[in-house]
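One chain, chain A, links the two complexes that follow: it is found with chain B in the first and with chain C in the second.
Coming up: the complex of A and B.
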């Protein structure tokens, strides 16, 4: 039963993730006054890369990197229930809690660092060092906000946190939401915190050296991971979801906000983004924490 | 979006949807995904590179046909040889082409790649590109406008969809022929050195 459930969750996240990526490319195109690609374009791209041959080899660690990232993404997905009260689409969430999910969120970047580090491509290494230094700054406000939410709801179980919101957390604790949202924009790789993949600047960053099936694996994991992170945010701050329509509505609203934010702002340099994240969102999170514990 | 634009879009895509019955369904599906998603190596090798930015940006927007730029040769499907090609550039083109992963395609822009064009008697450009690397599609003109480049891409997509073009196999099968021609103009050492500390050796500092 768990297996079937997990498989369905995987397929849903795979398709919805790619649909969101396609919509992302389409909406960005409209921002640039273009027609934009078809909605399933990212899906086509990933399938095409699965049918291509490999052209590079840098030892087994290079191949293990994308696989670690993929397993990190799938595990994150399976430990987050899709719905608040439903029996289905729960994956293995009853065996884990928010602490585990927070740990799994950084497994992907670490796997990436191992794989790309072996390849030794300067652009890839540059992207990874940027990513890891940004990761420390991203975690600070996000962890403060999430731990505050956890202690306020008195539980570390994601479904319980989602169910315990009589008024939505985004309304009750807006400062915590804003702080977490800044980190979330960075986690989604959007401007102004998109120093990792930084198009034009470091080519495609960590993905520079990957080709064929491993690039397809990276694209798939990014689609799945995106959806998992969106579901996590919806559970923590937007009161979870009871059905597919509500889940897709809430995740897409959040996603739309993030990509619009990303389309409007330019890119911070690495030190700038670390500086910013450690100052303003962290300060907002601390103030939010104090206000929340006071009331 | 206005009606005229959508009309143009339909005309361009209409060409893509014609079917060929000679393939089995797996090949058909694989070729379908390949033609719908084309990553173009964002290198400019000659003067025609100036026509590529408008093709890929807002004015002509090649992304609506699934054509987009790729940052590295590892991820690219198509390399555009844009215009005249000097011996010095040819080394880089060959090296880049060999780095790309199969299946890969070559799109040649401008008259110079067909027969030398206005550089027909130049001492340091090659005249016929297809003697050095296999070419899948020529777009002639001097220079071809973005519309022509898009037409060339559509024709290439059409060929990919029908499984007609397999130039990378041709390159592997006839490697001696291509290598002989490459060595005739570039000498024995065709590629730039693959060593990371190239500057310590011959031709470096």
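Coming up: the complex of A and C.
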């Protein structure tokens, strides 16, 4: 039963993730006054890449890097229930909690960082270093917000947190949501915190040495991971979801906001983004936490 | 123990085997057994092992003492035997630094103990809380401050860590694992005794611990020396323990993290010792690219760093989870955020640790001919790695044992249902499910992916990389990551952290002390005639005093 459930979650996340990615490419295209590719183009690309050969490989750790990343993404997905109350689409989430999910969010990227390091491509390692330097600053506001939410709902179980919101957390604690949103934009790899991959700027960040089937794997995990993160955010702040319509509606609204934010603002350098995140969003989060828990 | 033959009839000393002491004693024995494996790789004199035995016995005296006086004797012997053990490899300056701090620690603990004794004339732990209550406000504060100073020096809490990093770096590779894994735990034990038997310290301890872990983590990121990085990491990890001991129900988390930290630091220091043994290099800027030369060491290091990072599915997550939930339960929300922040920052130095040694490119031709580390280094690491994997799968395996300790200390015990589920008031997780889900997904993805892949295309050599259309060669600087973390210096918030150090403070303290001692030099010149004059004056004063 759990196996079938997990498989359905995987397929849903795979398709929805690529759908969102296609929409993202279209929407950003409109911002830049051009027409984007067809919505399912990225999906077909990933399928196509799975049939291609890679140009080089660098031994077993390099080979395992993207596989760990994919496993990390699927793990994250399975530990976050899709719906607040449903018996279905909840994977193995009853055996985990929010702390576990917070760590699983970085499991994949760290695994891949090992693969990148093995290849010995300095451009790849540069991306990893930027990512890790930025990671702690990025997590800070998110952690504070999440801790406040956990303390208020008295549990670290994601479904319980989603169910305990009589008024949505985004309405009840807007400051916490704003602070967490800054981190979330960075987690989604959007501007102004997108210096890790830094499209068009450095050679291409952590993915530079991966080609062919490796790239297909990285693209697929990114789609799944994006959807998992959106679902998590919906559970924490937007009251969770009871059915597919509500889930897709809420995740897409959040996604739309994030990509619009991303297409408007320019990119921070690594030290700038650390400085910014540790000052303004962290301050907002601390004020939010004090206001929310003061009694 | 009866001291009446010495004319000290009212002093009672006891030895007591508590479950808490047994736990720490088993850590000592376990760590010593692990170190036995590598002794044959180093030619050390007999006196080293004799002193090591003395050190071990002093540690047991600390643990099994039932009162503060025997505890102090153990502490003093520990400090001195450690001094002699360190003297085998330390430079004079570092050794001086160590002994001054160790003596200051021992003396301040001694004064604190005498303060406690002054109120109810008892050294026993059993009467300690009562004696403390009977102290005045000033004496009470002085007791806490002196006691904490002594313990913090041993733990290397930030501000008191001045001796620690250098001592760890220069100490013998056989002794460093012991320093980090075991000797620092004596500080933890003393702190647990203090907070459970004498006085709860709540916020002050938690804040001290959190500052320690954050500062030490950022200092670790900048280090080029492997052992210095691990030393700072050790300080940071002990900072978590100090933090969680600020919470009433934090002892469970502290015990769990002590266990994990002992195992993981033994593993990492042994791993690094093996690499230094084979290459003779101990800096990230001189290492690199060893992964396919020493694959077993790499995998063991990987298990170590996953645990150190507190990543599921290994044991490190269990102890971090305990720490986080006890802080959450006590509503130490901002402190919890700071602990998690420090834990996330640690990923940077943890990646540097594995990248600088095993990944990237070799920085020297000699590194291309390195062979695998000897089995004597690998066997203890395999045992430790197995322990960490088991603890990751069955995180509640040690909970029944911890509950016995917690009951003995009259603390709330940890909920226990089965060995796989670690449950707290703020949620639970099932280690077995986490481990098996990860393994299943990993194997599944691996199989599918390997079947898709028709033929392997390996790189010709290590220069066969995507490099902006150019072809790198021997002269190209490719081992990029050994200096990672440098850019943090450009962040204005963090640069203050890097600019400041405790060195100027201790330097000026040393200078002041020397100036002060000049006064005594005027009296004690070494000239016999002056000495005689002063002795005569002193005798006359005494005579006058007694006749008055």
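Keep in mind that, in the parts below, the second predicted complex is superposed on the first by the 294 of 295 C-alpha atoms of A that agree within 3 Å, B and C clash if a C-alpha of one lies under 4 Å from a C-alpha of the other, contacts with A are read in each partner's own complex, and residues count from 1 in each chain.
Note that a residue touches a chain if its C-beta (ideal position, glycine included) is under 8 Å from a C-beta of that chain, and two chains touch if they have at least 3 such contacts.
This one's a predicted model, so the numbers in the text were calculated from it and none came from an experiment.
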Can A:52 be said to touch chain B (first), chain C (second), both, or neither? first
So, A:179: does it touch chain B (first), chain C (second), both, or neither? neither
Between chain B and chain C, whom does A:41 touch in the aligned arrangement: first, second, both, or neither? first
Examine A:96 and indicate which partner it touches, taking first as chain B and second as chain C; both and neither are also allowed. second
Partner touching more residues of chain A, chain B vs chain C, is chain C
Per the contact definition in the header, classify A:209: touching chain B only (first), chain C only (second), both, or neither. both
Applying the document's definition of touch, where does A:219 land relative to chain B and chain C: first, second, both, or neither? neither
Quick check on the superposed pair: does A:13 touch chain B, chain C, both, or neither? Answer first, second, both or neither. neither
Give one of first, second, both or neither to describe whether A:61 is in contact with chain B, with chain C, with both, or with none. second
Chain A positions within both the chain B interface and the chain C interface are 51, 53-56, 123, 203, 208-209, 211
Would you mind writing out the residues of chain C in touch with chain A in their complex? 289, 291-292, 298, 302, 309-312, 317, 320-321, 324-325, 328, 331, 333-334, 336-337, 340-341, 344-345, 347-348, 351, 354-355, 359-361, 426-430, 433-434, 437-438, 441-442, 445-446, 449, 452-459, 462, 464-468, 477-481, 484-485, 487-488, 490-494
Note which residues of chain B are touching chain A in the complex, please. 1, 5, 9, 30, 33-34, 36-37, 39, 57-58, 61, 63-64, 66, 68, 70-72, 74-75, 77, 99-103
The chain A residues in contact with chain B across the complex are 25, 29, 32-38, 41, 44-45, 47-49, 51-56, 123, 199, 203-204, 207-212, 215
Using the touch definition up top, name the residues of chain A that touch chain C in the complex. 50-51, 53-59, 61, 64, 67-68, 70-71, 74-75, 78, 92, 95-100, 102-104, 106-107, 110, 113-114, 117-123, 125-126, 128-129, 132-133, 135-136, 139-140, 143-144, 147-148, 150-151, 154-157, 203, 208-209, 211, 213, 217, 270-271, 274-275, 278-279, 286, 289, 293
